[in-house]
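See below for the structure under consideration.
Letters A, B, C, D and E mark the chains as written, and numbering starts fresh at 1 in each.
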Amino acid sequence: QQTTKLRVSTIPIIDTAPLQIARAKGFFAQEGLEVDTTPTAGGAAGLPALAAGQVQIAFSNIISIVLGAKQNLGFQIVAAGSGTGGEPPDLAGLIAKKDAKLKTGKDFEGKRVAVNTRNNIIWLYAREWVRATGGDPDKVTYLEVPFPQMIDAVRGDRVDAAFVVEPFLSAGLSADNMTLVGWPYNTVRKYIPVGQYATTKGYLEQNPVVIEKFVRAYNKGVDWANANKGSEEWSKIISEYTKLPPEKIKTLNLPPFEKTVDPAGVDAVVDLMRKNNMLEGAFDSKALLYRTATQPPR
Amino acid sequence: MQLAPAEVDALQAAEPRAPYLRLQGIRKNFGAGDSQTLAIDGVDLDVREGEFLAVIGPSGCGKSTLLQIAAGLAAPSEGVVSFEGNAVLAPPPGIVYLFQQYGKSLFPWRTVIDNVAFAIEHRPGMNRERAHAESRRYLQMVGLGDSERKYPWQLSGGMQQRVTIARALAAQPRVLLLDEPFSSVDALTRLELHALVLELWQQQRFTAVLVTHDVDEAVFLADRVAVLSRRPSQVVEVVETELPRPRDNIATRELPRFIELRHHLLSQLLRREA
Amino acid sequence: MAAEGRVRSQRVWGFVLIAALLVLWEVSARTWVSSNNWPPISRIVVAGAQALAAGELPQVFGSSLWRMLAGYAAGAGLGVLVGVLMGRFRLVNAALDTLVELVRPIPIPAIVPPLILLLGIDATMKIFIVAFASFFPVLVNTIAGVRSVDRVSLDVARTFHVSPARTLWRVVLPASMPFIMVGLRTSLALALIVTVIAEMIAGSEGIGYYLMTMQYAMRSGEMYAAILLLALMGYLLNLCMLGVERRVLHWFQRGS
Amino acid sequence: MSATAFSRRRPERYLGLATVLALVLALEGCVRSGSVNAAIVPPPSVVIAKLGGILTGGDFAQPLAETLYLLFASYAIGCALAVGLGLLMGRYAFVHGLFEPLVEFLRPLPKPALLPPLILFLGLGDAMKMTAVALGVFFPVLINTVQGVRGTDPVLLDVARTFGHKPTAAVFKVVLPSALPLILAGMRVSLGLGLVLVIVAEMMAGTGGIGFLVIDMQRSFRSADMYAWIVILAVLGYGLNALFVRLERRLIHWSLSSTD
Amino acid sequence: MQLAPAEVDALQAAEPRAPYLRLQGIRKNFGAGDSQTLAIDGVDLDVREGEFLAVIGPSGCGKSTLLQIAAGLAAPSEGVVSFEGNAVLAPPPGIVYLFQQYGKSLFPWRTVIDNVAFAIEHRPGMNRERAHAESRRYLQMVGLGDSERKYPWQLSGGMQQRVTIARALAAQPRVLLLDEPFSSVDALTRLELHALVLELWQQQRFTAVLVTHDVDEAVFLADRVAVLSRRPSQVVEVVETELPRPRDNIATRELPRFIELRHHLLSQLLRREA
């Protein structure tokens, strides 16, 4: 059987664990796929590379995919990546200094919150959390701070709170005088999609079988990840590509990985985007999901 | 120095030749508008093939400018330069100009010998060794054989000036335009350089135009001496020296004709105020 | 030459200053600055030594170095070439000046998408980015250098009937060397910087990727070790350039 | 001079525009013929339309002002410090020895790599951005200044000494003007670099200015709008450079005189 | 020119004075190791207060170097320079050196008048207008009143040289060291400059040391003439001119003593080969 080469743009974070597992455990090879993962910083170059045809599949967050699809770049979500489960902990949380006494969105009015980029998912959910907990999101200042610097920023009073992802979340919480204020993802909505694997319509039309194979193998990785989370081998694989020390990986609290994307969740995100002026005009969120994303291939 | 060439020379100096290097109606203006400087105001001058012409004139009258125009290095504002019947619009092959600013005209990144070699190294059939050998020969002629590996800034003013002389001679031009080439050397060196230039001039039969402030030098070396006026300069007069060749440092300078010419030219120069 | 020796002996004080700053770093990290992003030097050295011993850092630096040199050679070489032509020939200057000045202020991050489209996400794109960044300082300095060449020098070449091409090579180029060399040195550091940045965009190779991963893995010891090593590499590369410069420009720097 | 130089320069100026125009037209052709993905590289005509919208809409003033403020402040700081230190380093072997290693260690460090300590010590505001940009501006000017100072003709320095000028006065009256052609070349390099760095800083800090707009539009794949802003940026750079050239002509006309 | 100062002068020239500017055992080596050049090999020279001393010697012998050492601009490899009893380690106030490389010693970024003003603008109580007025005065003296707003590269060689003369004179030094200051000017301008320098010298009573290649010039201007040997140079002889002042361009030059001295010094210079 001939192997098909597939280039996938990823981000070296915990969210892409199933993909790396599927690669490490040979699930792709079993499907006759040779997957080459290309990390891109923060995923910024992932979707442009996808649109340019330099990679066939890209891991990216839902907002970017929606925005790209809106600009007729033909993105299609083929597999679920990361998201939130039915209850905390999430992969990201809102933290602040203990003595700042920040509890609800109301308390945040007039305060500064660190987000990694404005007009994107972290920012969106930070705003929605403020709204959901009784505050006015427009009365909060959002400052862009790279994730690794968020703890410094909070500690140095450059910001009042930060919406930070793992592993910085755990590290922040383990420092003294830091506390978790809330889980914005879960507070806003359960089971929301965060990261997905996308390809382009053009590639899909030509290679539907390849995509099915990819998703099938990827889903095996999801199963393995959910079953073996916390094991030695799990730590080893994760450490291999994130360079996180294995002992730190064990302490991370993770939601389960999903195999499908909830269309209602996507709808909800699109609604939130509209509400926050990120999207104008009609957008058919159903058309964004390829069938493999809602019905895992057998 | 044999007699034969000298006799030929004396003959040549006497009989006018076909136009060789010809300056016609040269005017030169610097700057524009209010700050215009008219440096040269209509100069006609024929340089004959093989002659030694000296040009004298007050400081700032436009001698350097005129020579640069003749060399094709500067364009006249009006007038025409022609060399062997062709209009000179760029430096024509065969004419070399020796800059008055000797310090500036040496390349600081080249050693003395490489500065001299610059004149010839690009010629067809030249290689580094031959260019160096040739350059060394000329450096020795100007008394700088032992300084060839120094850089220009390691030389005294007079030594730098001699390097430029060696460089110009090494090029073996058909017309050599010398702009105050001996201004910074002592009496003896100057005499030696006079002898050297005359000897090469007679051997290689090139045409020489010399700008100088030294009337003695002009008369001693030249077949003809042209006198320029103050700025805006014009040709006041051109005098045939009519002195026999080969010239001798003592005998020639004692000739009545020499003394007469010297007196005449000096008074020309000194009179201009009145 | 004597001045150069003097500078070299005074450089000791430079290293003393650096040592003092490093001690200050150590002390600050151990006492009043407490952040994972500010580890004490001692920890950085240990982490660096381990990474070096494991062969991780040498491999990372090696892969960056060749990309950098390739991009630098292309960009700087073109910079000198175009610079000499633009500085010397009115027409070339007129034709390219507007374009150059319009393109110069464009930041690379802004044009990442079309770059990916045209050049992919691998070595070609990164080398192009490095070349693009190295090009301008060399170009600007070269043009300025060529324009400052003394007219007498050019006229000397003309009167000895040296061809225009040879004049460029033998007069204009050496005379503008003080400017060109300094442009080359500016670009060398810039090339290093941009290599790292380009490696942060995509791919899993080189210093940039290493810095990024280590930062996201909260291994600031390794991250700073790589940064210090990067500084050292830059220092050594600059030293090489200075060596070249001393040979080429001995005639220029006798003022010091 | 001015009259003839002008009439000679006129057609040349069109030549530069013609080059740019030709490239733009070629690009338009490429995109329209489909050989380049129009979603990533929009046709210039579309970009120009967007540009028209931005310019007539008037919302360009605010980000432009922010970017310019940041640029001028950091550029001025960076250049002033660099020329000052450069003069000292070029003049005094001790100062040179003291700072050269540090400078050469810091110079090749990418600003993103310096971001962790910069944010740690300077926070997120203008201070951090200005430091990052000023640092980038600083080095080219510094090494050009050192080079220029070292190239000062010893004869000129001796003239100052023999007429009894104090060493400090000689620095300002002799060394500085004599090094000016090199210093200005460095400042011109830094001007372009500074603009790039300001944009990148705005991209990373995300508080405003053209940089933030550009990256924000890039992230939302609005490439036509993004390129419209890049065109504004390019023209801004061109304009700044044109101003700089004027300044240069006034300051070092004596050095440029040889190329008339 | 009155008689009184001239008589005083003649007296002063005859009677030796206290050490004023003194060069003792000066040696100067350039370079290091193999490429060493010994330029000056033990020169002792006392310059008397108020005198006019000329220095002549072959090209490259070390005259410029010696003057720069005397000016405190260069350090001797061995030996001591003292001025009014104090060792000279840096340019002492009151001594001004006029560079042989006139082209290089002008600031290209300054206009002619600003170049001259450079000599005085930093003095206490000076402002721009006064410095300019003063400079203008000296520019007019050297015949460049109409070129004050030009830049050096817009001047001819001789004009540049005159700017440096104006600058040195404007400084009104107590000791003026002139290094071939008249090498690039024509005969008339040279005579005018001679007269100018002598006049100021007598008015301002400064001490002058003049390096020149022109023996006539040396004898005509100086009280004493020092002759240097070839490199490595030493003082061959110092001759008192013993010519009366004020000196006259025609009368002085016809004095038997003048002719004798001229002959003697020239033969000294020309003999050195033998």
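Convention: contacts are C-beta pairs under 8 Å (C-beta built on N, C-alpha and C of every residue); 3 or more make two chains touch, one makes a residue touch a chain.
Composition by chain, UniProt nomenclature: B, E = ABC transporter ATP-binding protein; C, D = ABC transporter permease.
Predicted model, so just to flag it, every value in this text is computed and none were measured.
The chains that touch both chain B and chain D are C, E.
The greatest centre-to-centre distance from chain E, using averaged C-alpha positions, is reached by A. A comparison of the A-C and B-C interfaces places the larger number of contacting C-beta pairs at A-C.
As a whole-number value, the distance joining the C-alpha centres of chain C and chain E reads 50 Å.
Chain geometry summary: the mean Cα position of chain D and that of chain E are 49 Å apart. Centre to centre, using the average C-alpha position, chain A and chain D are separated by 38 Å. Within chain E, residues 101, 104 each touch two or more of the remaining chains.
Those residues of chain D in touch with two or more other chains are numbered 37, 40, 116, 119-120, 153, 223, 255, 257. Of all residues in chain C, those touching 2 or more other chains are 35, 37, 112-113, 117, 150, 200, 215, 252, 254, listed in ascending order.
Contacts from chain D toward chain A in the complex involve residues 37, 39-40, 115-116, 119-120, 123-124, 204-207, 212, 216, 219-223. The residues of chain B lying in touch with chain C in their complex are 68, 71-73, 90-91, 93, 95-97, 99, 101, 104-105, 107-109, 118-120, 122, 151, 153, 167, 171. Against chain C, in their complex, chain A makes its touches with residues 9, 12-13, 37-41, 44-45, 48-49, 51-52, 54-55, 147-149, 151-152, 155, 167-168, 171, 242-245, 248. Interface residues of chain C facing chain A in the complex, by the touch rule stated above, are 35-37, 112-113, 116-117, 120-121, 200-204, 209, 212-219. Residues 44, 47-48, 51-52, 64, 67-68, 70-73, 117-120, 143-146, 148-149, 152-153, 156, 158-159, 278 of chain A are the ones that touch chain D when the two sit in their complex.
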